[in-house]
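See structure below.
By letter and in written order, the chains are A, B, C and D; residue numbering begins at 1 in each of them.
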Amino acid sequence: MSAATAQRSTIVERLTKSWLYIGLIGIGVVSFVRIITDTDDLTGAGTIRAAIIATCPILAAALGGLWAERAGVVNIGLEGQMILGTWGAAFFTYHYGPWVGILGAALLGLVGGLLHAIATVTFGVDHIVSGVAINLIGAGAATYLAEAVFPEYEGGGPRQLNGLEAPAQVTIPGVSDLANTISDQHWFFVSDVASVIQALTTNISTLSLLIFALVIISALVLWRTSFGLRLRSCGENPQAAETLGVNVYLYKYVAVLISGALAGIGGGFLALVASSGFSTGQTGGRGYIGLAAMIFGNWRPGGLLAGALTFGYTDSLRLRDTQSVHSLLLLVAIGLLMFAAWRACRKQVKGALVVAAAGALVMAWFLLTDSVPREFTVMTPYVTTMFVLALGSQRLRMPAADGKSYRRGSAG
Amino acid sequence: GCGGSDSKGGGGDKPAAGDDVCKTADGDGPKIGLAYDVGGRGDRSFNDSAYAGLEKAVGEFDATCIEGEATDGEAESAREDRLRNMAENGATAIVGVGFAYSESVNAVAPDFPEVNFAVIDGFDPDDQANENVAYLGFAEQEGSFLVGVAAAEKSKSGTIGFVGGVNNELIQKFEAGYTAGAKAAKPDIKVEVAYIQESDLKGFGDPAGGKAAAAGEFDKGADVVYHAAGGSGSGVFDAAVEAGEGNWAIGVDSDQYLTATAEQKPFILTSMLKRVDVATYDFAKSVDAGKPLTSFVTYDLKQDGVGYSTANKTAIDGLTTTIDDYKAKIIAGDIKVPTKP
Amino acid sequence: MNGRLKSVGLALLAPAIAIVLSILVTTLVIAAVGSSPGEFWSTMFEVPKPRLRVDIVNQTAMIYIAAVAAAIGFRMGLFNIGLEGQYTIASFSAATFAGAAYLGGFANVAASLVVAMVVGAAWAGIAGVLRATRGVSEVISTIMLNAIAVTLVGYFLNNYGVKEGNSVHTKNLPSGTTLGGWSPFEDRDGDIWALAIVAVLVGVGFWALLNKTRFGFDLRASGQSESAALASGINPKRMIVISMMLSGAVAGLIWMPALFGGARNYGTSFQVGLGFLGIAVALLGRNRPIGMLFGALLFAFLSVKSNDLTFGTDVSPSIVQITQGVAVLAVVVTYEVVRRWRTRLEQRAVSRELTATTGATA
Amino acid sequence: MSVPSEVDAVQLRGIGKRFPGVVANHDVDVTIRPGTVHALIGENGAGKSTLMKILYGVQRPDDGTITIEGKQVVLKSPTEAIEAGVGMVFQHFMLADNLTVLENMVLGAEKLHGIGDGARTEIRRISERFGFDLDPDVLVEKLGVAARQRLEIAKVLYRGARIIILDEPTAVLVPQEVDALFENLRELKAAGNSVLFISHKLDEVLAIADDITVMRRGTTVGTADPATATKHELAELMVGSELPSPETEESTVTDTVQLSLSDVTLTDEFGRNLLTDLSLTIRRGEVLGIAGVEGNGQAELVETIMGMRIPTSGRIMLGDQDVTHWHTRQLREAGIGYIPEDRHRHGLLLDAPLWENRILGHQTRPPSSKGMWINRKGARKDTERIVADYDVRAPGIDTPSRALSGGNQQKLIVGREMSGDPVLLIASHPTRGVDVGAQAAIWDHIKRARRNGLAVLLVSADLDELIGLSDTIQVILRGRFVGTFDPSSVTPQDLGTAMTGGAA
């Protein structure tokens, strides 16, 4: 028994360690690039803060995707549920303040999730069909309800509702100041870490913290509780789960409802934290991006966090400073070359060569130019996502019964 | 002011679904048709400004009116249909709000020679002159020049910012005028420029993007940021609020001080006014007078077609003389404002 | 004979229930916010004016082409969510090519259609190749490609387009190249675009390809079971690339009727969103040629008629989007319900047979 | 026969179950005595699995009553069956590959020992008690078939089941594994459990069962006493005909080499060898049998020959053509028939009608197609032929293949692959899960084709079938050939030893 415990803790240790190493190496490389290219904005606390804000809605949507797909339901309706969330946040915040507003966002997202659950679980409808329909309904309903309700409100109009109160922000006084001092020194590595700490401890929205916490909570619930085990079993092999007495319908329902609520919270974040109001179309496809981040992250909490961060970071970087996108080229080049080296170590010669060639190309681009055309900076997050997937996608593994419709009594 | 109103005032003349002049007007003057761009009446910007002009015209000329509104991603034929509907319903002066109506007005106008059309920000899509169409353009660069002066004068840090919604021809005019104005006032001023999108129109509806872009500029030391980003602008105001006292934002199109939230108001230095209301009213007036405007009409400083707002008195008061100096010089032709950055 | 009548009746039952359901939901939503559903429906059900009838036909054609493009992917088990990007970039390329007037008259039209198809195919092909060689989910890559396409087109337009007032567009088509169309009513009511015929061709082609050709069989087989397709000698990677490209090629045609029918250039009159509508219609029509035709007609009718709402009623046209979404959902749900109900009927029939002739089995 | 004082473990009375178009069960009566192994036999589609699913609460009966240990019960879900003490191991494994042994085990029974170390201990206990050799922290996808089988039984025991249903547990096991399983079953019996056991292998049934119930066409047609009954009598009861034998009469091997592999090696993406230096030849009229424990490279070998994988090195010749780099379609067009191991994954389009399934794999050849067009009429006519010749029991050729029972699906595939006179047949487990009647038919078809010069590569887990049909047997272990045997002298036990790495 003690042997078992020991074995388990080494697994956990290994996981944590590998994440830690990857994180540290990542920060080291970014720091190196920052110093070489002299673009302090690359890891400025402001950039990190913006990246966190850009990440949160995508992260919430991605988590929503995770919950649904771990239970075997593909939720392409995240976008629609997110849109409903923006409306819910606006409506409830206007009347009852920001925390009820977040609940309202979750509630409206949950309604979208309920619709999806009824269609896919009870009626066994194709998940994509239902998701597409929910995206239509979500967008239509939010626009329609906004036009019907918001013009009467102070600060409102048919397509917007401004001046919503934001959830509180927190600052950890001592840490924040110290981190600020260190990050201003622009030391290698240390200042970069300090920037991250500063961004996390200075005026950070409680809703951001909540969303990050939800990543950890989701990971724990899904992988460390019997509830999570049952839920995941519905995504891996619902027939097997049924033969063991798991109420598959129930778990799928719960998962899809949570999924919708999380997407709704992502929408709420857009309306309350990323800006201070509702406006039609403000999700701008972030639900889809969330879905992409989840696949990018291999249907795992840690991975989807990385995916959402990649997207949020590059998107906010290009918005804040087009010049820094040029430095990003060096970052990408180094990243590719490191990946190539890793592959070479694993004796995947052909793959290593391809990656190395790509890395050399990007490096040449970096060395031969001194800016990236503006238009291309807009594409950065999209191209980066495709690039990373093209290089690493072969290992992705989705839940075995993901997207398959399941009927009670079909076991055996 | 034009377009919208002070929301603190308890909704006195706030445009809401209920109190619409077109529902109540029953005079025997001309019938005016107003075809809104996406967003429609109540958008606290462009469309509301046009509505304000309409309201004024209806009152003055004892007119009646009819409205229609565009939806996202609608077909060209839907815009045409909207205009035809108005003409068939007896409108004699029809205004398309936004350059997207240029093509449809061009297609519809020949079928209704007795009706007069106008397109705000419009252009003639072909080389055949339409007798009954007016293209009402604005010298946005001139208005932007003035707020550029204001920004440079107000700035303590020596850095100011600009946030555009979409990097296209139109928005570049704003950027060009703004930069020129700032440099005229303070030649060594630094202008940070950001666009939310390069070509995707969703850049006008992304407050989160506007906030991130503006926050980046504030972080780089800018203390005044001007936006030409439509609905994304509220995010720019939020960024100014977060940057704290001593930082400013400048609004666009309508006097956004009036429609901003209580929290944002103190941070709004001024707004570049694009007097869509004036153009709409002018056009209605010309039709009523039997001398309808046709062809290209540019509303510039001289005609009070563009300008700047002084609604936030405490903030702008000390600057108005300087700004008005430049204004006079532009009107006199001493300063030529560029339209390209 | 009676049985056949019954099965036709059952087949029609599902769409009928779905329509009733969508009407019901829409009515409830309208009533819930305090508007008048009666006004709404009387406006929507009013016989459309002649020019709207023309518009409905034109819109139906474009939506239908989009639906077929989506259906090609779906039948192969691929979700081409990138129609939007594909037809954007294809329309831009074709308009640019046509505007350059390398060729005159109909040759220019034909060549431009080829350009549209090739560009659409190439853009979709990127996703196809990534999926086939690297296993990248086409759902993500096409979402990314959508964003990239819009930016790329904007880049070319801003740098090389014709500037006019505040707008930018591609060069106008040379005068001999605009096709106009067929005007069933008065002139001012507009034309049914000549290239609306493309929709018919695409529909017939889709049907024949799927049901009559070896390629279509391979495509359906791959969609039903990739492993069985592989074992039967189909090269699934090749099928992925080909069907993605085929889907993209058809997507390239989506906006062509409008380009040659009236728009004359790629600019402000370019209609966005047809790709997403096409996906919804493909699903509504269950990827069947006829089903999608009805779906496209319904969607076109709803969006064209919704323009009338701003005049006669205080109901916002965005309600139509809800109706469309509910229709999609209602159709698939009722199909499923009717299917289950039929199964139960059959079961009952079997047990009746059993009691009649004990011991007999099917 | 039964001890009167003891309460019967299970009594099924008058059970009926109808599916659309099919009566799966009617008037079924079965009685299981406590502490016995009860065998249920019957042809494909006789309704055995359906009956078991009813007993396990997966499906609800339309008629009839279930009595467990003297108490009449209504089972609405497996949960209730588990509570009543019933456990079931399904014909197709019910395991989630991407979860660990522990996770699969505790799923649904988390309350018993938690999902952590408590459960781990209990699993180790059960594993040791019955010799299951299960490591709780291994992913199920890493397990071989036999280990999965043991895991399934362990799952049932973990829940404290007293009545254990095993649906065709031996179909995929080699003799040694079967012996081990039977050892486990005897232990279970000794511990007071009752076992319900379904099999098509009659000697196994006679070896282990205490009672036998025979089903035919959805109903119970009789019982037999294993102490006195013979295989022939059982077959007679099941299908009403003689017991078939795979035995071939005389050699038909010719001198013409049809297929030869020389030093074929296949590596996976990580550079590990799946197949190592395999060489073989098959002549016209020869059947080459491949014996091996599942997962030792048989599937990879077959897929390599079929062009679904390209060998890393080595050469494959078909006749005198080098086909090493040919695609599946070219190979099929060159006259290779292919009966895949997993008919659902590789053999059929389950939702397509039978006649479309006739086309699958033959898309480019008449009568399925003409040029680039599908020949609907030709395909339909040929499907009618296969249905008649191979006795495929189906309502019609427009029925989706999903609606057919496993045996009938298999007959359709065999019929399809034998059409167009192939020169080489690659057959993986051609009679797996097929009842004795159909088995005989399939064997006859293979034998007849062999007489006409067909070369056959036969992979099978059924060693009697291998020994009966083959002219030569090769044993494969970890991707290498480890021994060649002459079927006329080898015994299943010898083969089993070689397959598990004993002296070759």
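Here are a few things to note about the model shown:
In the analysis below, contacts are C-beta pairs under 8 Å (C-beta built on N, C-alpha and C of every residue); 3 or more make two chains touch, one makes a residue touch a chain.
Keep in mind that this is a model prediction, so the values were computed, not measured.
Ranked by how far their CA centres sit from the centre of chain D, the chains are topped by B. Here the spacing of chain A and chain B, counted between their Cα centres, is 36 Å. Rounded to whole angstrom, the centroid-to-centroid distance between chain A and chain C, based on C-alpha atoms, equals 31 Å.
Centre-to-centre separation between chain B and chain D, using Cα means, comes to 75 Å.
Multi-chain contact residues of chain C (touching two or more other chains): 147, 151, 154-155, 158, 318. Shown for chain B are the residues that touch two or more other chains, namely 17, 72, 167, 197-200. You'll find the chains touch as A-B, A-C, A-D, B-C, C-D. The part of chain C that touches chain D in the complex is made up of residues 211-218, 220-221, 224-225, 227-228, 230-235, 343, 346-347, 350-351, 354, 359, 361-362. Those residues of chain B that touch chain A in the complex are listed here as 7-8, 11, 15-17, 39-44, 72, 167, 194-200, 202, 205-213, 215-217, 219-220, 231, 234-235, 238, 242, 260-264.
Per the touch definition, chain C reaches chain A in the complex via residues 29, 33-35, 79, 81, 130, 134-137, 139-141, 143-145, 147-148, 151-152, 154-155, 158, 276, 279-280, 283, 316, 318-326, 328-329, 332-333, 336-337.
Interface residues of chain D facing chain C in the complex, by the touch rule stated above, are 18-23, 26, 62, 217-218, 306-308, 327-333, 338, 340, 342, 345-352, 356, 359-361, 363-364, 369, 372-374, 395.
Remark: chain C residues 51-52, 55, 58-59, 147, 150-151, 153-155, 157-158, 163-168, 172, 188, 190, 258, 262-263, 267-269, 271-273, 303-304, 306-308, 310-311, 314, 317-318 touch chain B in the complex.
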